[in-house]
Amino acid sequence: MPGDKETHRIEAFSDGVFAIAITLLILEIKIPNHDAVTIHGLGHELLALWPAYLAFLVSFVTILVIWVHHHWMFTLIRRADHLFLYWNGLLLMLVTIVPFSTGLLAEYLSHPEARIAASLYTGNFLTIALAFHGLWRYASLRGRLLEKSNLSADQCEVARLTNHYQWAPLLYLLVFMLSFLSELLSISACLLLAFAFSLRGWPTPGWR
Amino acid sequence: MPGDKETHRIEAFSDGVFAIAITLLILEIKIPNHDAVTIHGLGHELLALWPAYLAFLVSFVTILVIWVHHHWMFTLIRRADHLFLYWNGLLLMLVTIVPFSTGLLAEYLSHPEARIAASLYTGNFLTIALAFHGLWRYASLRGRLLEKSNLSADQCEVARLTNHYQWAPLLYLLVFMLSFLSELLSISACLLLAFAFSLRGWPTPGWR
Amino acid sequence: MPGDKETHRIEAFSDGVFAIAITLLILEIKIPNHDAVTIHGLGHELLALWPAYLAFLVSFVTILVIWVHHHWMFTLIRRADHLFLYWNGLLLMLVTIVPFSTGLLAEYLSHPEARIAASLYTGNFLTIALAFHGLWRYASLRGRLLEKSNLSADQCEVARLTNHYQWAPLLYLLVFMLSFLSELLSISACLLLAFAFSLRGWPTPGWR
Amino acid sequence: MPGDKETHRIEAFSDGVFAIAITLLILEIKIPNHDAVTIHGLGHELLALWPAYLAFLVSFVTILVIWVHHHWMFTLIRRADHLFLYWNGLLLMLVTIVPFSTGLLAEYLSHPEARIAASLYTGNFLTIALAFHGLWRYASLRGRLLEKSNLSADQCEVARLTNHYQWAPLLYLLVFMLSFLSELLSISACLLLAFAFSLRGWPTPGWR
């Protein structure tokens, strides 16, 4: 019972942080100001915000997929210890940075120095992928915090997640490197990766 | 048990997003600045904010009704699968956009280009109605995620919701088209629709 | 079970709105800008923010007391019906307006037109007191949504709350009228009232 | 059952406030504006934000540790009374002030008047340490709100927390005094203290 309660509050706090971070994203799309609208028209000014819409879309979908994975992971985790709270806290910190890197990208994607904004943006996701890998590794190594279960269905789920979180840092590293070649390409790759990680049934090579 | 827990966290995360989106609306009513107040007086400047108050009221009531329906829907849903999480995520994304479209309307309702702001505003609600329709259709088709129940009371509830979500996209499409004729009329129609959808007992034609 | 679940989500959603509204208050204390600091010094500029600190304190304590009462009320409420959701929604809407009226007071308390800001501020609390009265009246009239109980302890609690919510609108009406005489006095009275309503054991005249 | 429900909502509301306060911190890192970027370049402007990054890091880690302790404390608390709600409210108020003192530090750490910003920042944490001490003292004195238990494991936990919260105000007082000597040193000491309080197993002198 106390163990269950412990996990419950971690999930509630994490849900709160995810929900706020994902909702704050909209604040990074700034409403066009009257001076610019008087000169160019409201339609033109709204179209000129396309980098903000793109950044919003990619960040929203990515945080949503992160939340789904966090949710998925916690269906397998039964206990929590002290260090686990801080691994989870590290993940949450990196997620709360997303509204900042999203705002930076929204502001500077159509600017000569877009490269820096895109590298910080994709770099933020790379650190999240690393933290996720660390969190899951800490929880799952020798089944530390997992449900003790011999059900092959559960084992299969564990294998799937391990597989996902092994590939994620590598894939996001590639996207990060891509950001030095082309900003738009690397951001599109982020969206693509988010869709890839939203798939439940990846092949699980090398595990049973 | 795991199924129940799963639905619980979806509801908690959704409640978080709804609660934040509905509370962020107030940030779109900007406090009058000192320069304008010195010239026209505080009372005058506060009265000039009427488009912001109207937009706040309509958006608050609409999000509240959306939350009530989400809540109602989940009293009938017992399971969640992977795709359902993303249908729900799409709905949440469209809801988090409401503070932006509300701010746009608040800023530009008494401006020559109010039409664009009103169309985007009502268009946002149209997409929410479509996403709601899709979410419910996905959950309820052949009872996929519903409680297996032969109680006629439950079946009646299901029929009621299906009926609501069949009409919603059509009604919001009309409101969207109305926004091209008159901004104020279309926004009043949004308020009217929110009240209509707050009624529990619609007649349910064509269902048993 | 479904009834219990229903109340649970209303409380979770309300807690979310209360928590966000109370935390957004801090955003109304604006960090002094560099130009003013260069001229007058940081210490001077921070002291000049006293109306913002006062408004923050009064609003925080008041929303906290409102939350405690909401919490208290729900320990006695067992069921929820459709109309109750909207009574609760009205209360939440008026609470989310508090950050706006707080910001307005913070900005204009030391301004010639402070009267308007103070009247809107105390008026906001008056409407909350009225909505609270209505919410409780709806829930408690002939025990509509309350636990069916013959325990005199519970009956005593019900009487206490009814007593509180009968006096609240009248007391806040007096504070609202006081705001036309003296802004500072009416705001101090708000703080005093919040402390009065934080007391659990009021005398309950005219009830058993 | 009612007692359990009571603690549950206090935790939910507190989690909400903690989650929002910790997520609002990122809003204090302001995206560089276009004029400054045109002159100095985006890279330079982002590097110049180092005080904001430092303040964000220290505040995030500190609020996280406060949440972990709040969570820890509540695994031992079983009941809540009226006064306890207000002790908890005081703690939450001081936590919601952190985004303001963080923003102040971010803005003025590299300014001649950094001392005032650093003193208010460390002073904020000192008041939190005092409120935590008071909250725990109120809950634990003669086991007022604790689980009635003879398990030595639980008694050991209680002793650990009492020990932590006895030292915290003293240590934060030292950090506060340090802020008058060196801003950077005092902020580094905050980070150090957060790490110290994240350790579970302190020696517990003078208790059994």
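Lettered A, B, C and D in written order, each chain numbered from 1.
The rule we apply is simple: a contact is a pair of C-beta atoms (placed from the backbone, for glycine too) under 8 Å apart; a residue touches a chain by one contact, two chains touch by 3 or more.
Just so you know, these numbers come straight off a predicted model, no measurement behind them.
Between subunit A and subunit D the CA-based rotation angle works out to 90°, given as a multiple of 5.
Residues touching across the subunit A-subunit B interface largely differ between the two copies, under half of the numbers being common to both. In this assembly, the chain whose C-alpha centre lies farthest from subunit A is C.
The distance from the centre of subunit C to the centre of subunit D, with each centre set as the mean of the Cα atoms, comes to 26 Å.
Between subunit A and subunit C, the centres computed from C-alpha atoms are 37 Å apart.
The multi-chain contact residues of subunit B, meaning those touching 2 or more other chains, are 12, 16, 19-20, 24, 27.
Taken together, the subunit A residues at the contact with subunit B in this complex read 11-12, 15-16, 18-20, 22-27, 29, 31, 34, 37, 41-43, 46, 60-61, 64, 67-68, 71, 74-75, 198, 200.
Per the touch definition, subunit D reaches subunit C in the complex via residues 2, 5-6, 9-10, 12-13, 16-17, 19-21, 24, 27, 82, 85-86, 89, 92-93, 96-97, 99-100, 103-104, 107-108, 111, 113, 116-117, 120.
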